[in-house]
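Look for subunit A in each of the two complexes below; its partner is subunit B in the first and subunit C in the second.
Here is the complex of A and B:
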């Protein structure tokens, strides 16, 4: 077994919103080996972005609060680090690609300024060396270096996302967190960006957390998958467990049922009816109870425990008889 | 860019001409004539008529306006009815006083206001933030003249350490500049705070944090420049407004500035002075607007890109 680069254990994050507490992340655990990619899948509001911001300790200062849990990066606890330690990790050892390329770049600085700054914050390289680095990384993401002195508004959305990716990769991070890197892009550009990230992953042996709600992207990119619902991981397993296995969380089944299938013309899509529970008042028992087709009496009263089979975990009462978890 | 500047400067000509035209016709609708004003109630009608003739008072309006414009182009803004001296010279005597007041107070107000506004935003809801927001609101709610009188009572009457009128020594500047500066600072604190708070929440600030940029650099480089646009607007307009409108301060402290000059001219229907004052202010406002717009271009490359189109 290779070394663990990231271990999240029982992470709980709350946001303060007025008088109410928003329970954004409710005890998730993920562990990631070096060079592997884990996909976090779930609908909007499931807590995916909150999880990734927690890893960099970038939650909004006043409103976001990590209630419990640990996040260990290469064995060291991120939540206990002082400002300078976490700062020196951000952008150097852990980088993040943000969701919206349109707003993720500062409009008043050129691409070169924004890329070279990422280098300068973590090294004492000379101007020439930084220049070379910037040019190299731009070449890597397919942007001509004679555009490096342009401002973000002079680029298209797809190119901006490449710049954002370039910025995340310029220091060759050990862990890359990509928060819906392709959501804001059209399909042709999506494919290009995914190819790019795959190649880079191979070239740099970067570990990756890929946040998405696109199951197609997950099957292309990931080694392991975490399905998130209402701040919990309801199912976790290898790509094989999730896409081929015979036991699934009803929510996972629902997610796959919501994908259009070209071969299956006659049938309608099967959307999961209902909405995520209100994160300020999560229900007693299973969080998925109101939308679950298999809901039982105990789902309304008892919070389920994980069914565990090797690396495959399912948080559902349906499988509890088979094997008891934690 | 140069093209844009030249275009804007050329555009100022019709603006100023239009303003002059409007004010000229409004003024010509008011009763009274220069002869009577200059010679006074005791003068004979013949003398008054003769003087009016010299001024071209009985000429048709378009001709009068034409002559006025030609005179202005020659640099001649006419003679004040009241002082019998060239208006332009009188204005230039008053201008340095007002300029000093405005520039000093704006400088001090900006130096105090912007940093406190930044700190307030960065440490939102801290004691400093609560105090400075309260202070800003308090100052904004106090009328200038009242504050002026209160300070005169305190420092001139009771403590006898500052003069209550005039600008003969540097001490004379303390109260008028102080009052204007504190008002400027108060409005800049509020503006800078809200502008910074808006920028700090932007995604690109999170991006900067995520790449490990030091918090100081995030505040002063990434956030401040983006937050400066509304601030530049307000400072620029305060400057223009200040040049014409330090009237209350000038009145309270008996300072002979542009504000008093124009106010007195309006009261005595000294038309050449009013006209010159309005044209002067219009020109100052247009210029300040242009400078503010150029600063926008400097601050934000997206705006600059529009200029060169």
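Here is the complex of A and C:
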């Protein structure tokens, strides 16, 4: 049995918005083994980023709150940790790459200063040792040493994202959370960055949570996939379960049908009609009911339970019969 | 389908003056856009694709060259005549929110071009046409008094499309119209654009960085790199038989969703060089692993190597 690096159980997160409660994450469970990558896929408002912020304990203090659930990192409960403890873990054992490289770098410090600070926060290394570390990590992400005294604005988008990745990796974290790391990049630069992340992950045996809306990126990077919709994981399984399995949540089917496939000649896409439900007024029953082509009476009254087949889980009434039949 | 050319650009150039010299955003581009078809323009950030679109519409004055619309050089038209011309040529922008006036309601936004251009002078008729347009683009009537900030990205983009259609255009430039949208919404908008083309015989120039989208919607595709067209072919031909090393790298960089047929990736080294006062020769040569000395020094032309398949490459393009 391999080591579990992260176990999220029944996590529920709410945001306060005026008088209403935004139901951002509604009871999700994920467990991640050491060295593996799980992809969290979903559209805007599915709760992907909220999930990752909860793991880092970075939810906005005044408005966000975790209603229930547990998040265990290497067996220890993150939600019970005091400020100092979580701070010593953040950026050291768990680090995060954000979507927009420009907003995650400080414009008035050089790349070298920012990378050194990340090391200094978590160690008592000498100036020389820090320097070596900075040079090594820059080397690893393919940025030449003689650019380390440049400021962020002197780098292109792809280079800036490399700096952000370097900063996330400099303390050799055990868990890396990458929130849409390549969405802001051009496709050839995206290929470079994905390749880099894959190699680094292999070299350091880092576990990773990759948040994305791009099913192509997931297929290149992930071992397991969680499809999120309206704050729930509607389908979870291995890459093979999700991409090749014969049973799927109707939302998963819709997502795949929405992507123009470069190998496919058919001219019309099969999109999902309608929009996400209002997260302040989620419907009774299944959250996908209004957009689902297979909707049944009970979908409007009873919230579905997971159909489970080994590691493959689907949150849909369509398959419940199967389970009981077995 | 008849193969009438609706728009033709001849040696079109748009340079921007910068303190370091001229920035060659669009450099000597010759295009044919056929009536009722879609020309896809692909390339990465900074390759000049949006500038090309704006220059074709004369929203930017070209440095030199001409844009022939239905036999007429529109660059030579007076501003008065150009304004009339504009109703035939419309544009849909990437960020529908930034392109809609936040203080106008949905129906006001769509009606504005109709009354401003005196397409319909009677107020009631114009309003009727507005509701009709909302119906055409799939906006529910109940949204007519809503404001853009109340709507999601997909609906905002539908407003942008309705507004473009309000003047009964023949030609629409779609500048990254789905890039800011979620995939399920993106598919809805792509289907809408294709239905409209079929129903109204519209001609599109579709600018995007997303190769799977461009393949899906285009009849013909041009690939741009640093202000130049480096390859041009029918959509299927380009994807089945790419010739230019940059096109090949671009195609192989797309992450595929087929987990059983992983292709060997071709990872490009380095990044795009500066488009300011470029030296003559292939602009891709510094990143190209096949580059030979002959790639630099002289300007390369597009050469037809296969029926309708043009490429500008010293090594593979002959």
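FYI, the second predicted complex is superposed on the first by the 321 of 326 C-alpha atoms of A that agree within 3 Å, B and C clash if a C-alpha of one lies under 4 Å from a C-alpha of the other, contacts with A are read in each partner's own complex, and residues count from 1 in each chain.
Convention: contacts are C-beta pairs under 8 Å (C-beta built on N, C-alpha and C of every residue); 3 or more make two chains touch, one makes a residue touch a chain.
What you are looking at is a predicted structure, and each value in this text was computed from that prediction instead of being measured.
*Asks:* Touch test for A:228: subunit B only (first), subunit C only (second), both, or neither?
*Replies:* The answer is neither, since A:228 touches no partner chain.
*Asks:* Looking at subunit A, which partner touches more of its residues: subunit C or subunit B?
*Replies:* Comparing subunit B with subunit C, the partner touching more subunit A residues is C.
*Asks:* Does subunit B (first) or subunit C (second) touch A:192, or do both, or does neither?
*Replies:* second
*Asks:* Who does A:259 touch here: subunit B (first), subunit C (second), both, or neither?
*Replies:* So A:259 only meets subunit C here.
*Asks:* Touching A:103, do we find subunit B (first), subunit C (second), both, or neither?
*Replies:* The answer is first: A:103 touches subunit B but not subunit C.
*Asks:* Tell me the contact category for A:90 with respect to subunit B and subunit C: first, second, both or neither.
*Replies:* Touch status of A:90: first partner only.
*Asks:* If you stack the two complexes on chain A, which partner ends up touching A:130: first (subunit B), second (subunit C), both, or neither?
*Replies:* neither
*Asks:* Please name which positions on subunit B make contact with subunit A in the complex.
*Replies:* 124-125, 202-215, 222, 225-226, 299-302, 305
*Asks:* Looking at the complex, which residues from subunit A come into contact with subunit C?
*Replies:* Against subunit C, subunit A makes touches at 43-44, 156-159, 186-192, 194-195, 213-217, 219-220, 239-240, 243-244, 254-263, 265, 267-273, 275.
*Asks:* Can you name the residues of subunit A that touch subunit B in the complex?
*Replies:* Checking each residue of subunit A against subunit B gives 56, 58, 62, 83, 87-92, 95-96, 98, 100, 103-110, 117-118, 121-122, 151, 153-154, 164, 167-168.
*Asks:* Along subunit C, where are the residues that touch subunit A in the complex?
*Replies:* 44-45, 152, 154, 182-188, 190-191, 194, 209, 211-213, 215-217, 236, 239, 249-260, 265, 267-268, 271-272
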